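Handing you a structure now.
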Amino acid sequence: MSTVINLDQSIVFLGQFPALTGVTMSIDQGEIVLIKGPNGAGKSTLLHLCAGLLPMRSGTGTVLNFDLQRQRMELRPHIGLLGHRTGLYPDLTVKENMKFWASAYGSNDNEIDKAMAFFGLSGRLESVRSQNLSEGQRRRTAFALLLIKRPSIWLLDEPYAGLDDNGRELVNSCILQAVEAGTTVLIASHQINNIGKSDQRTLQVKGGRITIEPEEPSKGDDHVS
Amino acid sequence: MSTVINLDQSIVFLGQFPALTGVTMSIDQGEIVLIKGPNGAGKSTLLHLCAGLLPMRSGTGTVLNFDLQRQRMELRPHIGLLGHRTGLYPDLTVKENMKFWASAYGSNDNEIDKAMAFFGLSGRLESVRSQNLSEGQRRRTAFALLLIKRPSIWLLDEPYAGLDDNGRELVNSCILQAVEAGTTVLIASHQINNIGKSDQRTLQVKGGRITIEPEEPSKGDDHVS
Amino acid sequence: MQSTEKQEFTTSRGTRFMGISLLIGIPTLLIFAFLLSPADDNMDDAVRLIYVHVPMAIFAYVAIITTGIGSVFFLWKKSRWWDTVAHASAEIGLILCGLVLITGSIWGRPTWNTWWEWGDVRLVTTLVLFLMILGYLALRQVPANPEMRAKRASVVGIIAAVNIPIINRSVEWWENNTLHQKSSLTDGKLENLTLFTLFLGFIVVGISYLWLMTHRFRVGWMTTEIETAGIAELIEERLNEGNSTVVNSQPQQKDGTK
Amino acid sequence: MFRDAWLVTKKDLLIEIRSRIVINQIAPYTLLILVLFGFALDADTETLRDTGPGLFWVSTLLVAILAIQRSVDIETSDSAIDRLMLSGISPTSIYIGKTIGLYIQLIILEVMLFIVMVVLFDMSVESYPLIIASAILTTLAISSSGTLYGVIASGLGVRETLLPVLFLPVLAPAIIGATRAFGDAFGRVSSDGWAWLGLLSVIAIVYTLVGMLTYGNILEDT
Amino acid sequence: MFRDAWLVTKKDLLIEIRSRIVINQIAPYTLLILVLFGFALDADTETLRDTGPGLFWVSTLLVAILAIQRSVDIETSDSAIDRLMLSGISPTSIYIGKTIGLYIQLIILEVMLFIVMVVLFDMSVESYPLIIASAILTTLAISSSGTLYGVIASGLGVRETLLPVLFLPVLAPAIIGATRAFGDAFGRVSSDGWAWLGLLSVIAIVYTLVGMLTYGNILEDT
């Protein structure tokens, strides 16, 4: 399968701090990659880099064949990122948030309804302003937004935080379904060790660098550490 | 043992919405109570009510013998609340945040150092502004602040979210130690089902009300549902 | 530029030549300005300030336009060279612009009988330009990601540069209301010696600009160089931090890296 | 492109309608400024009327700074900006959209301010077309450069202060021109107000173009 | 109580220093307001000098709004307010602390503004004691009512529509009084400036008292 993410010695600075100190990794299409590592290791930074939201200080990288030094703008529309913060407009209702992004993504009403129903956001919650949602409801909304975007790569940063058991199952089933359809999924999470699919990979991030390749290499490729 | 939290038919409105629809519960000193329930059930609201941060629409309640209708101001200093948001000052460094609250609580420098070292915040992180911390580091700081306050009741809302394995263990050991010393701990979390102590209780919240009392009543009291 | 990598100082043959020309040029200018050129009929000795005032005004414009060009090329080519040029030129522009304000005020005291006149367009627009550069440099001082800062500063630099024509033409537009001199150069009323001294002034200020530019550029370049050199150290520190975290949290694990 | 821009505009306006920050919190200050000046200068209403045009534009500009900050806050407060940048809406559309959103809000504020001023200061208008034309152009200059500078000054950890420092000098020429044009329209000065429209259009167009061309570069590194 | 208040003040000031709303950034801002205004009124420096006192207080008020918003944002942005309310610091101390923090910032700002104005507009002061006394009282009125108003406006508790209703009538008399007092101190109007100090002290004291007494009630219901 084709490689969708390829980083070589990527160094990223946040302010004066080297948050990533030379990351080398390559990820194939359709993989599920679990990113583990202690707090402050650089997981979120890595995901933001892959989304094209951070400039690389040095190193090279391509995501979906877009160069991370020069083509970040072109890359971004193909990425779905769920960060620590949900990025909803607090003054708009759930439905209004959905509608705005749906028209930005070019999704139709039907997709909105389906995504909202899927995450249990239909009915009363539709017209609640997102600032009044509970933590879990807010994350459900963020996930519903990811669904209607249909990006080629999902970058999930602690996707389970704040979700109840039911929510976690929904997320898992989404992920598995998306991967079936050829989406690549990167998950940074402290909460889970596997999401119920055998050929997932685990990367360990520590001190801004990938330290240990998993013992169970998924597809015999040379995913150099 | 004495009852520290006692709610009777408490109804709480957030805006026009009845977030709590009549909660009746009583919790003894030194208990660990796990609050479970689906997203939006009212767990966070319940904790805020117990902290004296929300007005009751009807019903009665006492926390630490302070009346929730009339003595919320007096109650608050005895409460330690860890909410979904960490409530740090983003422009101040970790150390400065700690110092400010320490002097508000009357804690000394020694306590600050101990709490920070315990949560792995010593060294470089001391002088990082809290807006630049990673999610987990931010929550560690929030927990360190809880430690230096030494309140009689701990209300923890998703305390594990964003923490790595090590962080979770640290939190657990804090909790157990605090309970030893007579602190009462309420935890709302989707992430765990027990924290490794046998006599914890679990309350189920649904639709703004406590629905099921646990089958293993901890001390034979009549915790009416 | 290769030379800067080897050298300790920001001097080179070119700048030394310029420095020497200035050593000769400045006294010559002073001699011409104060001794040889005649006093003006109605402005008296105060006219002598024109020999620095006007060239500095023109080169302040040149400096800011250079900043603008550097900014455009930086956004286009993403090359640090252009960014350093833009930054260096803006700093010198600020100095020149400040000197124009000061010499102008000093000049105004005897000729218009006031240090400052709010109604005067030239004065106010020059002040506005000064403030624009001040803003640009304030932005450059912000502690943030250097790349991000450079991009934002470039936009501000471009905006400042496109304002130059507006500010410069303002005298024509605001005509009804200015104390300030209108183009006396183009009137052709100046005496020969005056004209020559003014010309000399242009050359001296021009060389000063180039000389300051080269030095300031090299300082800027070396600063980034030093910052780059520090990266390895920072990264080393960060990696160790990763290891120490490992040691703290999982004492049984021996090998963190590799 | 314009469809996307309009989406952004609609969203910004909807948020404003919901939160009513500009209308409820910012607008009252403009009124306060006028009232204060009315009192401060009371003695002599001719002076007051002379200051009218300048006062109008200075207060508009100061209020614009607040509105610009709000327009940036909408995106950055819960990092909605990340999603916006990943959305596929081109930076130019975002720029245009946010500029129009700001424009509409400012125009509404100006209308209010204008009415209050005319009533309070008892001013008489000689040329409405001139008023309208210069207001349209100046507001365009303010909102196009404001949208650009708002994002330049944001996310640097420096907060509000950088914005006025960068923004006010850039707008000074436009404000001066607008003041003169208004002065003529109110019959307070004898200059030819229409001549100023040339300057105003140049500024408005140049700033809008620079904004459209460079906004993407800034968003690239957020 | 005062120890706690001082803690809060120190914290607010530290945050301001960190987030760099410091002297060197405010200076250009105030300077710009004056420059713009100076040019907008153009021609006639007598008019400029007449407007000086009004301009001074209007700009102070505008910057005060930014400072007030910031002072509230500090607490609400990541719900630090919850922790503050649970901290055991009494609401009165919080109120006093935040008021003093705001006060100190405003006074620094006013001193700068004053110097710039006197220099730029070439104004001559006839009575420094009057200037100082009225500045102290008016600033107290602004910061005490501003702290109170800020927390009301932030949507904590009372509905936000109350805010213009509350704040404007509350401050307008103080600003008018201050403008008159300054006008006299600069020798621009013939009224007796000291007479206005009476009004200013009443306002300052009343607002401070009201703030101290009601702040707790507002915080109680968050």
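Labels A, B, C, D and E are assigned to the chains in the order they are written; within every chain, residues are numbered from 1.
Here is the rule we use: a residue touches a chain if its C-beta (ideal position, glycine included) is under 8 Å from a C-beta of that chain, and two chains touch if they have at least 3 such contacts.
The structure displayed is predicted, hence computed values, not measured ones.
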Interchain contact steps from chain A to chain E (minimum; 1 if touching): 2
Top chain pair, ranked by how many C-beta pairs fall in contact: D-E
Separation of mean Cα positions, chain D and chain A [Å, integer]: 38
Chain C-chain D separation of Cα centroids, rounded to whole Å: 30
Averaged-CA centre spacing for the pair chain E and chain D, given as whole angstrom: 25
Inter-chain centre distance, chain A versus chain C - centres from mean C-alpha coordinates, in Å: 45
Interface hub residues of chain D, defined as touching at least two other chains: 77, 157-158, 162, 165, 168-169, 172, 176, 220-222
Per-residue multi-chain contacts in chain A, two or more chains: 14-15, 17, 38, 40, 55
Numbers and ranges of chain C residues touching at least 2 other chains: 124, 128, 131, 134-135, 138, 143-145, 147-148, 241, 245, 249
Interfacial residue positions of chain B with respect to chain E in the complex: 51-55, 72-73, 76-77, 79-81, 83, 85-92, 96, 100-101, 103-105, 129, 145, 149, 151
Chain D-facing residues of chain C, complex: 75, 124-125, 128-129, 131-132, 134-136, 138-139, 142-145, 147-149, 151-152, 154-156, 158-160, 162-163, 166-167, 170, 173, 176
Chain A to chain B touching residues, read off their complex: 14-15, 17, 37-40, 44, 84, 120, 125, 128, 132-137, 140, 158, 161-168, 190-191
Footprint of chain D on chain E - complex, ascending: 19-21, 25-26, 28-29, 32-33, 35-37, 39-42, 44, 47, 50-51, 53-54, 57-58, 61-62, 65-66, 70, 77, 153, 160-161, 163-164, 167-168, 171-172, 175-176, 179-180, 183, 189
Complex contacts: residues of chain C adjacent to chain A: 143-145, 147-148, 231, 234-235, 238-243, 245-246, 249, 256-258
